[in-house]
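Labels A, B, C, D, E, F and G are assigned to the chains in the order they are written; within every chain, residues are numbered from 1.
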């Protein structure tokens, strides 16, 4: 489905709204601390460039449901739908 | 039990409250200095990416009771329970 | 067509205006967040210098349509047309 | 005796008070400059992670009497006694 | 002609004035963005020191006409003529 | 004589006062610029940790008379005499 | 002649005054930009420490006439004459 290929260690993420999350069992707490957001990986880059010149494979794959920091990513609209492009670094964890 | 898999050198931590700590013998002092908090490792990532492209194994494992800096981690609620996702870097020591 | 050869991990980009983008299906959202811009790669450099002394091949090639951060690049006019010279680092993704 | 295992290049230090130091012959000067503090190593970590993935052995061992910068470490109480957890980087020298 | 040998990844550049550029077809735009300047390479250094101890050959050579960032370089007068000494890093592209 | 062993790339320095320096022929100028101080190396560390895990031998040895930046080092008193513990990085040159 | 041995990638420089420079043909321009100063290398260090543990040979040698940034170096007086100790990094070019 993805119409863009993220570069390097970037991923394309479709944000999942709070309503869906309640069903999935993960709810983000309501405190003063920075709160992660949730989304689904739609496309992944080729990986971060290593000193050796090769690239490290990403730890996330298309379809993964991920938690990421709230300040992560750049918004982009593709065919009228909003996505986020962010670095894998900004992803905290994958739901299992 | 863990429903999320932390990425890279991150761990999922269940915070242990002060009441439990008194029983365990470790009490945090009441001074102006930064005070570590205590918790239990619930899930660990695959390790930090090295220049060689491989990953360094974490020094903590599921079940470890750890002391970490008070500003460490991002809060996340899973099935109604609060956890912290933090980097191994923010863990000071493991209780033995 | 390109009359300049970018150095290292830099690329020469012809900016694509908003009118063209509507046709292509990618529209940038209208929020407070930083918004990427779109363009076409016109020339690429030899790649970033690695510690080994060799260079890493760029992930984009001439003709690629790319999304890049809005603050990316230095403007330059060649034969009356405006271009941007930017680092590959500032390119978020390639349209497919 | 140590009930905690410090991570990486961290050490657990029992602070030595000024009274003991007078006997030992080392007294810290009374000027405006930053003044080191003195303590005894109670536990050591496995060492700092190297790019190769191995760890560098620490230069201090349990029982060493060390001078460290006054702003070093995080305080922690174990069985009612106060300790400091600090990085080896913050240790200036070992008494012989 | 050059009476100085730049060190490391530095180059000696003779600035080309705006009048010459009009003839050459490259004109710098008149906007608020940072605008590159144009010049000719008069001398080059031996290259940047790599971790291996060898040096990376520069991507520009004597005679190249280059675009560089406007804040690049240190001015120096040799035999009454003004030059700029700058790092290759500050050169954006070479005219072909 | 040294009762402390500096760690890593640190050295123990006995400061030499201005009176001695006049005799030795090196006098520090009286301007607004930062002025180096002079001292004698009393003990040296094992060297800076390299990425390979080995240590680089220090360029100074016990007995060397050195010039160092005035803001260098942490003061420490041993048997009533004041010393400085500083990094080799802060030493500018050795007198010959 | 040099009575001090600079450490690592440092050099000892005897500053050359403006009167001498007029004769040599190099005059520094009178603008708002940072202006390099001129001097002669009197002594050189063993070179910068590389990750491999070896040292990179300096690109300048005793007797070289160099241009360096005006804020470079620490002043030191040896036998009543003023010198500068600076890092090779601060040297822009060598006169030929």
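Note that contacts are C-beta pairs under 8 Å (C-beta built on N, C-alpha and C of every residue); 3 or more make two chains touch, one makes a residue touch a chain.
Since this is a predicted model, take the numbers as computed values, not measurements.
Student: Count of steps on the shortest touching-chain route from chain D to chain E?
Tutor: The fewest steps needed to get from chain D to chain E is 3.
Student: Can you work out the whole-Å distance between the CA centroids of chain B and chain E?
Tutor: 51
Student: Taking each chain's centre as the mean position of its Cα atoms, how many Å separate chain F from chain G?
Tutor: 23
Student: Starting from the mean Cα coordinates of chain C and chain G, work out the distance between those two points in Å.
Tutor: About 41 Å, centre to centre.
Student: Could you say which residues in chain C touch two or more other chains, in rising order?
Tutor: Each of 51-52 in chain C touches at least two other chains.
Student: Considering only which chains touch which, how would you classify the arrangement: line, ring, star, complete or other?
Tutor: ring
Student: List the ring in order: which chains come, beginning at chain F and going next to chain G?
Tutor: Result for the ring walk from chain F toward chain G: F, G, E, C, A, B, D.
Student: Mind pulling up the chain D residues that touch chain F in the complex?
Tutor: 25-29, 31, 33-36, 48, 50-52, 54, 56, 59-60, 67, 69, 88, 91-96
Student: Considering the complex alone, what residue numbers of chain A touch chain C?
Tutor: Checking each residue of chain A against chain C gives 2-8, 10, 12, 43, 46, 49, 51-53, 74-80, 82, 85.
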